[in-house]
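Each of the two complexes below includes subunit A, the first together with subunit B, the second together with subunit C.
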Partner chain A sequence: MSDQTQVSGHSLRAIGPHLLLPLAIVAVVAFFALLQPAMLSGDNIANIMKQSSLFFFVACAQLVVIITRGFDLSVGANVSLVSVASSMVMTAMIPVFGTGLGIVLGVGIGLLIGVGIGAMNGLLVAYGRINPFIVTLATMSIFTGVATTISGGFPIFNLPEAFSFAFNQMIILMLPIPLIIAGVVAYGLHFSLTKTVHGRVLYVLGDSNEVALVAGRRVKEHLFLAYVTSGVLASVAGLLMTAQTGSGEPNLGTSLVLNSIAAAVIGGASLRGGSGGILAPIYGALLIVCLSIGMNLQQINGSLQPVVIGAILIFGAALDALRTRER
Partner chain B sequence: MTSTTTKPGAAIAPGTSDAALIEIAHLDKSYGAFKALEDMQFELRAGEVHVLFGENGAGKSTLIQIICGVQPFDSGSYRLFGETLSSLTPALAHAKGVSVVFQEFSLIPDMTVEENLFLGHEITSGGRLAKSAMHKKVQAVLDRLGFHLDSSARVSTLRRAHQQMVEIAKALLWDCQVLILDEPTASLTDHEAAQLFDIIEQLRSEGLGIVYVSHRMPEISRLADRVTVLRDGKFIATVNKADTSEKELVQLMTGRTFDEFFPHIQRNPGDTVLAFRDVTLQSGLAENISFSVRRGEVLGFAGLAGCGKSEVLRAAFGLEAVETGAITTGGTKLDNNSPRKALNNRICYLPSDRATEGLAMHQSLIANSTIAALDDPVFSLGNMLLNRRAETSFTEKMIDKLKIRTPGLHAKADQLSGGNKQKLMIARGLSREFDVFLFDEPTVGVDIQAKLEIYDVIKTLTEEGKAVVIASSELAEVMHMSHRVIVMREGEIVGELDGDAVTENALLSHFFDHGDQDTDQPQGHPTS
Partner chain C sequence: MTAHAAIPESRTSKVLKAIGILPFVLVLTCVLLALYEPRFLRVSNLINVLRNASFLTIISAGQMLVIIVGGFDISVGAIVALTSVSSALSMVGLSSMGIESAGVIVLLGCLMGLVPALAVGIANGFLVSVLKISPFMVTIGTMTIAVGIAGYVTGGTPIYDMPELFTREIGRGKFLRLPYIVYAAALVLALLWFMQNQTRLGRYFYAVGGNEKASRLTGLNTRKYIWLAYVLSALLAGIVGLFLTARVGSGEATLGSNLMLESISVAVIGGVALKGGVGRIQMVALSAIFLAVLSNGMSLARIDSKYHIIIIGLVIVFAVAAESFRESRRNKHV
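After this line comes the complex of A and B, so read on.
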């Protein structure tokens, strides 16, 4: 009799991410397409692809730490700070070094900030043994404040056209560049999670820290690295989103924290750690972006959208709880 | 004081002449296709302690659940106080005088002792709680049992042993003729258990019939009048304790003789591979520990729960911090020991707590079997890229070799039974080259078949020239598996026995203090 419950739990989990979500995404698109045929227009599909790609990086950033039974609430602050700091570097450096090198420096600074924020989170969580919720809540506050302070609270304009072109508008083989980068990152992350020692240890330590320790793993180093990865992925999102808006925005990442957790969780990552693969941020990002674009097309009040995201997060967490109970 | 009814029916168990409180004959109980009990017989007389003895899953729990009305039965007869019952509810059983203390306590932590005792049976007068009447009754019961408990204390503030006393008081608060105790000493210290035994003996002398579920041999020797042995849901035998021996009981329980049960392990002592010199732990749980283990031998650590034997193994693996003294392996001194360091020095530890330290329960068999060996070039390229083909073939080999029963390679560790989980942990021990194997309670919560298979692995390892250390609370296990046994008590080594000197009596006499060194062990009688 216990066999049966296990089998059903297993199949439910197997169906969960593999079929349920694609169906849900199709259903959302179909629903809005019925209301607004424009939902299925070529331009809109391209837009969905682009927006999902941008959002995908933050969802990935969240996934990596959720696997370790952690959180990263600082992804939004990371995006905001990267946006203003890289924009400021670009606008300051281009007159001196020229467009090409200026953009490289701006992007480099953005990525470095990602490493820095990730390293700070990682140090405090892995070596300081402070609860990741508290750590990243604090760094969220700190770096949001830094972003607002250095920019004076105003957007930074006059970014070079070439930056937006290279990281947003360029199309290679009919694919927008953000989608190509997302594809590369998706492959890299999938590879790292499933085919490397680091990825394996992340799942095991997310399941049980003690087990990883008793198995002789360098638990702290792996945990630290997970937060650095998360920081870098969020900074990539920051750079790509800046290229999309064409300006450095001090509040670019504000709505991303909740959305990214919702995407990872609804996509199938468990808040209890130790589970969730690359499909979680892919499906999660697509679902949330389709919903959000659909609601925009339908001209649903913008302030109603957080309500929907909140409901999705609860639904995702409830599904997770259900799966956990069954296993 | 007991309502003794003479039974007109046929006798079931051998030689019954007294009044039987409970008579069960030809009783069957199935859960779906699974036969939990088949042709069960059981008889309880007034004034006896009747032990139900059997492995996990033998049907002991099902039987007591039927006796107290929690579970119905399919067919057969159940006579309680001479009355044939066809259906019974827990409330009815309680009203008739059957009380049960289950392993899981039924107390509400935030209520006081007194409130808990009367829960659901409050004495009222005119619709109001009659507090003074209840208080008097509680005091009477506590006095009768000799419990020094504050009846106004919150249950959550009591120690586990005292909570158990409350459970027993609760069972005896109402007129009770049959008391059922399900593994009552599972969470008690030795001293607390001794206290419980005194109470049980007192209740027996008052004429209660006591059903006592246990598989601990010393308790059975001390308390039992009769023992009913169950195996795989079947009645095996009811024997008088006076006419039997531990060997016979284990033989009845397992269906094998002692000699067949434990393998004979060749002893070929080689180099010393692990040595402790005057090791004292920071936690203070083990002090002045010195011993050494050689290749090709099994060293056992025996002693009661909490004696420090497990901590000694954990220290060798870097899970307990060392205050003074030295642990060496081969020629290397293990300073600042950690699991990683111990593993790299070819020491393998198999924790007793599989759920928190042993296995990542929601990861696959593959992930669990190779996790300790990922820096080995066999399983990873430069400690970076997994060699998944090697992992898969290793895991398949282990499933085959250790007879791990699993729904599949990618099943989660959680989906395995206790014995198969333990075997999965042993697989990890075979994933790289080790010299020393530390088994902490190697067969806890493991069914009998798996137990034999695990013993076989230990035999093979030892005969291949590994050093094996076993810490076990199961006396028979440590006695029959080890070439040499170190006995610990209260954090210190109190004796070491070698070869033929390893006997039950010799071990037990070391387990308990006879008052010549320590002070507070007044009730430690090793055997009856």
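After this line comes the complex of A and C, so read on.
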């Protein structure tokens, strides 16, 4: 290969993802706006912002482990369990401790569950050296089972208004609260991925396990921490989504596994590990949310919507395979 | 190495190495179950267990082949659903076209039912082996697409009015007191055992999964074998779909939703290594029986079905952890 093609290929690849995805998002919005002008209404755009922020957390949860060449299939089960458990704690504790403390306890339990699920995944993947796919498949089935068992399979109602207000409806400086939290988390995650040793180790780990070992870093601890981070991010998504629906739902996270992986991968995180930054879940979440809101507006059959997402997933993975081959 | 490693292996550890602990765990489970609940030993119950184990054996055999060549097939459950819908629709359509003979309708309906399954298998194989996309992504994508199409075509309602010959004969028919599916599973077991142990094809599958690059460099068409594994997996899932449809008596888009998890569990518990290149059909069949006994035991003990997936999840973690423990010990001894 001559120098010239390498340079042009490189610069194309460098700006490619940064340009391609925003263009794709604009194209999707424009396409549905042509069919349904309501797509561009203020309410709908606010809705897109809010939904993308909620979805952003699960996409991030997925990104953190995909960087290390892993997966987290348990994000959906995590969301469901957090939704059910924190709702149960809130409804039980509020009569005893009052609204404020009840909500704090509920949120605290939710985050603790996230830490717990993440720690279990991390323990088995990093220290037990078990394939992350199998580990998270197993924890997915375990915690889905726990979520349906403790709730009896029914939604939990009577959540305090204040909870939905504080974590969903509140607006600060014209920005909905989920978007603000997403922004803070995005900044924090970006910082830890690019500016800290932990972040660098995760990328090296994804590139090659041996290199990370040779470099003398405590690989296992960092890998463990990545799964814990993923668990916590998913539990934040669970809390915010519960505030959105206003009830604890045992099947809140069912469709999230597929969509979160699709968002992270279409956003540019490579399944071969070692690449993908904070932009991947942002673009990915926006694209998937715009698509699904557009399809809803267009009243496309509910069974066909996953077909579109599935096709996009394969397309994104094919692009990824192509990129890797070039490299 | 420590002095222990130098001592020649005892007879029990040799036996353990050859067949693993699964047979003992299975026997122990059966004995405990029989002591706890005598109904377990009733012939009707045992036949029931054998039937469920047969469904699991067939679908897990396909999963095993794909894992041996270094992949995964998440779409097997979706293929079952798709086959169920397409075969039921074909049979209903054929009989409304005025074909009199039930035999012709059932035969054509089953063949047409397998067409979408085959299509999914070919697509999986193409995307994985030719385009080199991660098998996980490919099959999770085709799974979603297949489930979506099955749900869209049926509109969420089951399809009834299939010929009696299909629902009664194939679904509930028996030969020598055993349901037909048991014979089908035995046939799959025999064929795959023969393939794995006596044919070149079987060895090529192991070679491709063991070290794809080396196999390619020795002149093996690795693409072909990887592709074939996905097609066979889809076909076996399709056959399970036909039998399950006959058994429930209607075409349903939700059929087989647990089979993805269960088939992977069966394969993993049966010692099929996720890194590829390892796995024996007889152990997979044993593992299918184990899982069927376990589910049956939980039902007999009246454990809420919601707990089943929790317990299956725990069993997977345990099985894989044991496998990885054994692996790490083996590596230390080398």
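The rule is short, and it goes like this: the second predicted complex is superposed on the first by the 317 of 327 C-alpha atoms of A that agree within 3 Å, B and C clash if a C-alpha of one lies under 4 Å from a C-alpha of the other, contacts with A are read in each partner's own complex, and residues count from 1 in each chain.
Basically, a residue touches a chain if its C-beta (ideal position, glycine included) is under 8 Å from a C-beta of that chain, and two chains touch if they have at least 3 such contacts.
Worth saying up front: this structure is predicted, and the values here are computed from it rather than measured.
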Practice problem: Using the touch definition from the top, say if A:A318 reaches subunit B (first), subunit C (second), both or neither. | Solution: second
Practice problem: See if subunit A has more residues touched by subunit B or by subunit C, and give me that chain. | Solution: C
Quiz item: For A:S41, is the partner it touches subunit B (first), subunit C (second), both, or none of the two (neither)?
Solution: neither
Exercise. For A:N158, decide between first (touching subunit B), second (touching subunit C), both and neither.
Key: neither
Exercise. Tell me which partner A:L304 touches in the superposition: subunit B (first), subunit C (second), both or neither.
Key: second
Quiz item: In the superposed arrangement, which partner chain does A:R200 touch: subunit B (first), subunit C (second), both, or neither?
Solution: first
Quiz item: Which partner does A:N131 reach: the first (subunit B), the second (subunit C), both, or neither?
Solution: second
Practice problem: State whether A:V146 touches subunit B only (first), subunit C only (second), both chains, or neither. | Solution: second
Quiz prompt | Set of subunit A residues, in rising order, touched by both subunit B and subunit C | solution = none
Quiz prompt | Complex interface listing, subunit A residues touching subunit B | solution = 1, 6-7, 10, 195-198, 200-201, 203-204, 207-208, 210-218, 274-275, 327
Quiz prompt | subunit C contact footprint on subunit A (complex, rising order) | solution = 71, 124, 128-131, 133-135, 137-142, 144-146, 148-149, 153, 258, 261, 265, 271, 301, 303-307, 309-311, 313-314, 316-318, 320-321, 325
Self-check item: Residue ranges of subunit B in contact with subunit A within the complex
Solution: 31-32, 34, 317, 319, 339-340, 342-344, 349, 351, 356-363, 367, 371-372, 374-375, 380, 383-386, 388, 407, 411-412, 414-415, 428
Quiz prompt | subunit C residues touching subunit A - in the complex, by the definition given at the top | solution = 72, 127, 131-134, 136-138, 140-145, 147-149, 151-152, 156, 261, 264, 268, 274, 304, 306-310, 312-314, 316-317, 320-321, 324, 328
